[in-house]
Amino acid sequence: MRATGLKLIGVIVGLAAAGVLIGLYVAKLTTEAGSAAYTVPVTTRGGHKVVDLRIETVAAVGPQLSPGHPDFVSYLVRDTQGKWLRRTVWRLPADATVHVTIYNFDGASGLRNPLYARPQGVDGNVMTVDGKTMDVLPPDDASHTFAVPAYGLVVPVAPVADDAKNQCDYAPCAMSTAHRTIQFTFHTGKPGHFRWQCFVPCAAGWIDGFGGPMQTIGYMDGFLNVV
Amino acid sequence: MSVARRLIGFNLLTACVLGVGGWYVGWFAAHGIVGPSIEYFGDVDFNELSIVMGYLCGVLGFLVGLGFLNYPIARLRGYPPSLREKETGGIGRYFGLCTDHKVVGIQYLVGIGLFFFIGGLNAMLIRTELLRPNHQVWPAGTYLTLVGIHGTMMMGMMTSGILGPFGNYLVPILIGARRMAFPRIEALTFWLLMAAGAILETTIFFGGFPTGWTGYQPLGTQANPGMECYYLFFALVGISMTLLGLNMIATIVTMRAPGLTWTRLPIFVWGVLSTAVLMVLAAPVLIATLSMAVLDRTAQTNFFVPAQGGSGFLYENLFWFFGHPEVYILALPGFAIVLEILPVFARKPLWGYRLAVGGLLGVTLLSFFVWQHHLFVSGINGDLRPFYMLSTELISIPTGLTFICGMMTLWRGRIRYSVPMLFCLAWFFNFLIGGLTGVFLSDTPSDTTTHGSFFSMAHFHYTIMGGLVFTFFAGIYYWVPKMTGFQIDERLGKIHFWTMFVFFNSTFFPLFIAGFLGQPRRAVTYANGLHFINVWVSISAFLLGGSMLLFLYNFVKSLVFDRVRAPADPWGSKSIEWQLPSPVPVHNFDRIPVFSGDPYGYGETGPTPVPAGAPAGMD
Amino acid sequence: MPERVSESHGRRVIVAWIVLSVVATPLVAFVLGPHLPPGNGSAQASEQVFDNTWITAIVTPVVCLLVVFFVYALTQFRHRGGALVDGPPLRNDSRVQIWWISVTSLVVLFLAGFGTYELLQNGSGGGQGPDPIAIPKGHKIPVQVIAQQWQFTYRYPTYGGVETPELVLPADSYIELHVTSLDAIHSFWAYELGVKADANPGVDNIAYVKTKGPRTFHVRCAELCGLWHGYMFDNGRVVPMAQFTAWIKAQSRAFAPVAKYLPKYADVYYPDPQRRAG
């Protein structure tokens, strides 16, 4: 009987250990490279929902915002207090107009497929770069793209010149450092989850520029949660 | 010996400590070679070479800690060759290098079982994601890692799933020998597999890998450092497989007892031999392929990088040249176990012995000529498509021979429905569905729609899980009483069987429909119209996992708590292992037996195949 | 006596099998068959349905045999309790062996031959590589499918090399698809059209499809290609020829600004993989 009691304790300890290990495993998986959602504030003008989305792209996200991957390129979103958050899942309202401003602090990498040098899926199929309207960017100049394939939306992001002075090292980047401003407008439709990605092979250090941050949500990939 | 004294020495604990130490040695050595300022791939401070060297040195440390270098060093120092003194008892043998083939067999059973459950856990996590069409339970990249770990772990572990536990335990006994030809290598294959499994799980600390178990390049070249874990896992598994196969062939060919001619060999041994031949011939190709992929990632070679002159297509061909024999490595032991167990529970000789052997050998031979059926739509030469369709269709002929031999063995028998028999009968049902859906996939026009879809995935789950895993459990229920001397509860076993059978079919059969309706594999989302099927499948999968837990409960309850002594021959089998006491004594036989027939003499009068008094422990 | 017992068992099984097959096979072939995937969205898809119907119809008697055999054997030949008794020592029967091997070989060879015949018509919608052997006769419109991570784009070489992210095909036309990739291995799968061709970087994978009437079809990536593999899908359309030419003109206008930057149309492309140093 005593032996049975000891065996029972042994089995229970074993089960508990297995449970703890499984719990740790699942916890590790859930925290693996994702992103919390950020709800973009909505204003209503004339009965129509309008959203102002301000995002920036940086060459290296830095140890403050990403201790695990300080050298990853990344998108960031600005909250209402003006703070930059490394979150790439953005909650947007359905049937709304979205005005997007991208501040790009990164240099050129060039597009693999030049087709994405033409803004698509945005109002007028044009974008505004530093105030100037453009309907195409030279493909070799593309620094990143913001693309939502489900919407047919692609916008190439104009680069900071390689010899520009005062370039930003790590995010968050101050507006005084060299940057370009790209603006465009698109419209959301029915609710759903729509992924967005970059099409420029901008992941420095990976053999074809598409590894690392290019395949990690929270950096160069994310979701538009249209609700 | 005191506990402390036992803990010091060459055992698993020392091995783990030295393994971790080896990791740091390798890591820093590579850093010293390459320098942290030189980035190959990855972050500036991330060095692929360090990871590879770290793991390799870690494995080396692990093996040194277990004591694998002791004998070679002793021989180098001039000591005469001798086999290690086998400790005759105690549970400590199971936690280190033991050259007793029976201990290695049980180590394999527990080790593979452990990793099987880990792989199964990953499957449950995958199905959790697929409960909803477009909702992220896990981030999309994590989902791919889960798919990869599940597939890779299962494929790597279950290739040795029958040969490891049952091959190692039974083959020497069945051929009348006291040991395998190379006992130290036998132990090495086991510990390599364990090290490999641990390495694969650590991929989650390096960002996982996105390629699934096939590791296609050039996707693999752009992946996170976790990809190295996949390569190292499979390379170590490949080495383990090659050595295991080598050992089996050497043992079966050279160490058969007197009188055991090829026509008297138990069909299980024939199955092990065919599988071993496949392992020895196919696994080295895998090791070479993966080495090339690792070189692409660390040394910037361009074997598989198209823009620099390499070819991803080359990787596909090399991988599947190994990959197809690999799936027959998984299937053949299942055939062998079914044909071995059926005569015992039908009380009839194995029908068509030579036909069955011919079937096994036919599959072995043909399996090298079919691999491009994985590449029908990949852009292979148009002339090859009809050729590989023909060769793939042809391989169903030797496979069918196993069916007819099994069916005719049942014909006019006296069938008992014990748990091992139930699993073997389920094999017929599952492998029939698996095999017939294979006919659809081998038909190139039909394959245009089914390739890369859930249809293909359901096909291989039916053949591998419905075929191999069911026979794995048949083997457990059948042989564990011999290995341990204790019975496993028959009633709980039957409940386990029926729940596993029902939920296995309810999980995988609808996936044929899902695939035919257009759901691709490894995709984290699917069309809304397929929502119901996926919910059904996920819930069935959870229940299937539950039936596995039931098995664990039965196993632990019977072997740890109930401990009901099993008689030497609970099934009434005429095979030689059942003429020995349970558990089998350390030296197997007092005197080497002399065989005069095969073990299938049911209903026949005449001398028993093995003379009484030859095995140990009788009178 | 045992001989006659065996024969009577055998007769019963064979009769039951024949009855079941005669009932089941026509049901499968004529009732289930026309509804088999992938549907009738193109000539190739219809061929595949025909092929699948044949295979299912041939497989049905095999299934019937095994079902009848096992139901019969597992009920008739049970051990009915009491002491363990051996069955008759039947080790072989050359008639059964010869029948089994002959029939399975014939079935297998027929299926292989039938499949080859179907395949050599026009490739059955599958990718045949850069040198296809099953080329349908007549005029074919070339359309290039460029796969990249993680979207398909489409180029129309006979319409000025215009590239678009949306696939539109003219109805009742033979299309020669050239599938290639710019980075990893993808697979272009147009389900309703019964087309699947892997997109291999550096390889021009040709597949033929003859469209029928106007419809939408689903395009999915069928080869794991990285993070967004599961999201790499879009909807294509088959439209009447006049609508198609109008659409192409509109696309050429819409993408005119970028036309000068597109590389010259080629079978394969090798974009510079790493443009960013360090």
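Letters A, B and C name the chains as they come in the text, with residue numbers starting at 1 for each one.
Assume a contact is a pair of C-beta atoms (placed from the backbone, for glycine too) under 8 Å apart; a residue touches a chain by one contact, two chains touch by 3 or more.
None of the values given here were measured: they were computed from a predicted structure.
When chain centres are set by their Cα atoms, the one at the greatest distance from subunit C is A. Among the chains, the centre nearest to the mean of all shown protein C-alpha atoms is found for B. More inter-chain C-beta contacts link the pair B-C than the other of A-B and B-C.
Mean C-alpha position of subunit A lies 37 Å from that of subunit C.
Distance between chain centres (mean CA atoms), subunit A to subunit B: 41 Å.
We define each chain's centre as the mean of its Cα atoms; on that basis subunit B and subunit C are separated by 30 Å. Of all residues in subunit A, those that touch two or more other chains are 195, 205-208, 210, 215-217, 221. Multi-chain contact residues of subunit B (touching two or more other chains): 39, 140-141, 210, 218, 222, 305, 307. Each of residues 183-184, 226-228, 231, 271-273, 278 in subunit C touches at least two other chains. Interface of subunit B with subunit A (complex): residues 39, 41-44, 121, 125, 134-136, 138-142, 145-146, 204, 207-208, 210, 218, 221-224, 305, 307, 556, 560-561. Note for the complex: subunit A touches subunit C at residues 107-110, 112-115, 117-118, 120, 125, 135-136, 138-140, 147, 149-150, 152, 154, 195, 197, 199, 201-202, 204-210, 214-217, 221. Only residues 146, 148-151, 153, 163, 165-166, 182-184, 226-228, 231, 234, 254-255, 257-258, 261-263, 271-278 of subunit C touch subunit A when the two sit together in their complex.
Remark: subunit A residues 4, 7-8, 10-11, 22, 25-26, 28-30, 32-35, 69-72, 192-193, 195, 205-208, 210-212, 215-217, 221, 223 touch subunit B in the complex. Touching subunit B in their complex are the following residues of subunit C: 5-6, 9, 36-38, 44, 47-48, 51-52, 55, 59, 62-63, 66, 69-70, 73-74, 77-79, 84-93, 96-97, 100-101, 104-105, 108-109, 111-112, 115-116, 118-120, 123-134, 179, 183-185, 187, 189, 191, 194-198, 200-205, 207, 218, 220-231, 270-273, 278.
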